[in-house]
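Read through the structures below before going on.
Both complexes below contain chain A, partnered by chain B and then by chain C.
Entry: the complex of A and B
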């Protein structure tokens, strides 16, 4: 006990700048925003939420945002998991270069990356040109300004976050667990499902949360690649706050975004804890 | 004590210094800003010994900002589309103009002098809204708003989104073209809803539309004449349609923001942008069509502008008051029935 308290004190001292920053600059506006979403005239209530969700257009926007974000999270996990494993297997001399290449797109502005997709996915873009010229298609596909354009744009935007989370989770995998499992007679499949996956689950949770949150809140990608036809929560929020000056609806959308990402994080974390215990 | 006096002196010197370098904050569109800086910002700064700070963005964004800063305005002069200025006036954001302080006002066409009534605004340009289209792809010229419904334009047109400045005037004209009236907009919305198959996307900025033309995504689109220079710069063969139902006319106006702390400069600025010299320079660069009667431009430039009383008189001026009244309902209806 005596030896513990100085350590605890040190921990608090080390945490205090970050805590102070969060307490001063982050919590008050978030609390004010959440309160505003319940503000109806002179009192507080659920009326703003009921009004918002009574509108079938708003519900459609919510479901679209949810399924596109979940799909991007799922696909990026499926694609990045083997890729992260491969990154760790390659010669350490090349690993730095590969990690650098993964990070490189994160250093480019999302606006620039999204504009590139406008050119690539367009009617005269490289995708449609090659599909038509090889005879696979008679007519160019309409990709731009559809939900699929938003999906593709977000997937490319968010994948590095998933990959980096997974790579760092796998780096923490103790070197001898796989040989140990094998020596005890585990098959390849058992090694993966019962040893590697549970031990790297934290990386999936962190990556999944980052990707999902990024997708729900992304503005540039749905605005440029989807347009008004593919309205998402972030673009609807902009329209409510910036165009029609409907702050009640804007506050509701912000609160709904926050609660949805917290819920998804909670669910992911819950599953991770459960399976880790089961293992 | 000495140190303390030193600081006091420094504060005094700095405040005097700041007071001499006066700043005028102008809220503007941002389109062709480099030309606006050449024709307006630099000449005005040289004349007033002050500095102009521009706050740029589309009408809707800037109006929302003005409303948000109502009690502590940072903008002195705002340049807005006429019905956005009307919205601002309705929210009590504008100061009535003392027109005796505008020496150039009498040179303007009559409609430009007091477009919102009550001396709330002065128009500095007017533009037509019609259809720009590719003459190589669309060989039968577009002569009616109804031509946008041609089956061969499937997946080939863009419409201005309802939240843009051109959005509501286009809905208004289309509604008229299909037999609607100001009190019955069902014909317009029904036809626009049926136009979905032809629409690639609903654009939010005219700069975005130039990109869509440049990348061969779009062959025809309703747009304001102010964007014509940028559309021609794409190098595509384009024509400006003259529909039988007419072109809409929308003016851009200058307003004085209520609570502005630089009113004298603000008046000088507004007077400057309606002067013959500025209006001539802006017209020659195809930035803004002139509303000053004394502006003369060469025939080749005039052909690219909304120029002269005869042309202006042929426009169907959209009543700002009407648009303001119906806009919110139209945005809701557009979201549900058209852009979906």
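Entry: the complex of A and C
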């Protein structure tokens, strides 16, 4: 054991700056904020939560946040499965370029990236102009500041995460399982449902968790593309804390947001680990 | 058996959806018109010229650069030792330590910003810049730990043992043998961290105010009042900046491995 204790000491010296930083500067403010959500007058209780959820508007915001996030998760999975398959099928010479294009939105300023949709989806934007000029529509559609605009913006923001998770899951597929299934007479659908999906489930779960929690907490996209009409949880949090200075409500929203993301992480990831262990 | 073209078509559509809007903004930025329209009826560089004259952008750009550099350095200084300790020593409770250190990534960034505002700025009477630096450093720390850990995992312990047996002490081994071998990972961590800080909105949103603001927050404020192609020009500059970064780092370090 003589050699063990200096090694242990060295490890703690290396770890302590970061641990102290997080323990002193980061965790206390967050814990204080979460405690504040239970703070009623001089005591603690659930009153702030009851008040918050008694309001129709707040409930509506919460449900909207959940269903838009779920829709983005489902659509990105549907699009990214075949797309990820194609990334690996394509000539490897192009793969670097394609991965670069997928990563580009992740590396771009979210304000710049969201602004692009204001230009594209606006009344004078390219989508409306081409729809009207080709005669498909009489009047330009109102897309901006609707739930669809938020959906589109979030889908672009989150798709790279799903795509990259699925690409790396499929990279780990044994090379010959797909040709083997085909040669045994499986149809395209059977190959997908019985071979590819079960073997890449963990990538789907990781991607899905990232996408869903990312949507629940995203601020810039709903703020710019949803406007005041389409309030989401994050924009409501900003209004309560930054505009109406209702810190009790802001603390409740923070706690609800955190619980929602933790719950999704716990449910989905826990299951993925279990299936991975069972397999 | 011939494979269907369906996956390729879906990939093409996905890429068009991901990157197409950037092209539209790129073209709009060169508009010669007074207002935002696509396609523009004439072309000029007037909006790029205007970006450079907006004072709020100049000051906040400088703040964003400083904030990015400082928080990246702090995150690396604290994160590299953590990654090394977790990779090379049997630390009791390593799993708990990992969770504590990645908690800034698990918590919604907007919540982090609000918590820091309430605790340090409003109650603790610290300056806004202090809150910003804390928030950004906390957010970048998990990236630093994760990327440097990935790079350490690829480094064989044998060369360290060799250095030891040749008489190098721990510090010498780390600085002369380990660090030079993981410099790609450290650089990748630094690049990712800097971009994350430079583009960060939700953590900064509550932590900016009169006197101290970052570039993304100033862009948001500007867009509340004006809707001209200035933002298109600035966005184009930022997108070009991202493309350069992606190209450079992919070429130098293969950053796609770490994202």
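Everything that follows uses one rule, which is that the second predicted complex is superposed on the first by the 220 of 279 C-alpha atoms of A that agree within 3 Å, B and C clash if a C-alpha of one lies under 4 Å from a C-alpha of the other, contacts with A are read in each partner's own complex, and residues count from 1 in each chain.
Convention: a residue touches a chain if its C-beta (ideal position, glycine included) is under 8 Å from a C-beta of that chain, and two chains touch if they have at least 3 such contacts.
Since the model is a prediction, treat every value here as computed from it, not as a measurement.
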Next on the checklist: Tell me the contact category for A:172 with respect to chain B and chain C: first, second, both or neither.
Outcome noted: neither
Item to check | Which of chain B and chain C A:119 touches, first, second, both or neither | outcome: both
Item to check | Chain touching more of chain A, residue-wise (chain B, chain C) | outcome: C
Next on the checklist: Contact-wise, after the overlay, does A:144 reach chain B, chain C, both or neither (first, second, both, neither)?
Outcome noted: first
Item to check | Which superposed partner A:22 touches (first chain B, second chain C, both, neither) | outcome: second
Next on the checklist: Looking at A:187, would you say it contacts chain B, chain C, both, or neither? Reply first, second, both or neither.
Outcome noted: neither
Checklist entry - Who does A:239 touch here: chain B (first), chain C (second), both, or neither? => result first
Checklist entry - Where does A:265 make contact in the superposed view: on chain B (first), on chain C (second), on both, or on neither? => result second
Next on the checklist: For A:130, using the defined touch cut-off, is the partner it touches chain B, chain C, both, or neither? Pick first, second, both or neither.
Outcome noted: neither
Item to check | Residues on chain A lying within both footprints (that of chain B and that of chain C) | outcome: 119, 122, 124-125, 223, 241-242
Item to check | Contact set on chain A toward chain C in their complex | outcome: 7-8, 10-15, 17-19, 21-23, 25-30, 32-33, 36, 79-80, 82-83, 85-87, 89-90, 96, 98-113, 115-117, 119-120, 122, 124-126, 129, 155-156, 159-160, 163-164, 182, 188, 216-217, 219-220, 223-224, 234, 237-238, 241-242, 247, 250, 254, 257-258, 261-262, 265
Checklist outcome for this item: Per the touch rule, the chain B residues reaching chain A in their complex are 60-61, 64, 67, 155, 161, 163, 200-204, 211, 215-217, 328, 331, 335-336, 339-340
Checklist outcome for this item: So, in the complex, the side of chain C touching chain A is made of residues 1, 3-4, 6-8, 10-11, 13-15, 17-22, 24-25, 28, 36-39, 77-79, 81-82, 84-86, 89-91, 97, 100-101, 103-104, 106-112, 114-120, 134, 137-138, 141, 145, 170, 195, 198-199, 201-202, 205-206, 215-216, 219-220, 223, 231-232, 234-235, 238-239, 242-243, 245-247, 250, 255-256, 259
Checklist entry - Inside the complex, what are the residues of chain A that reach chain B? => result 57, 60, 118-119, 122-125, 142, 144-145, 223, 227-229, 231, 239, 241-245
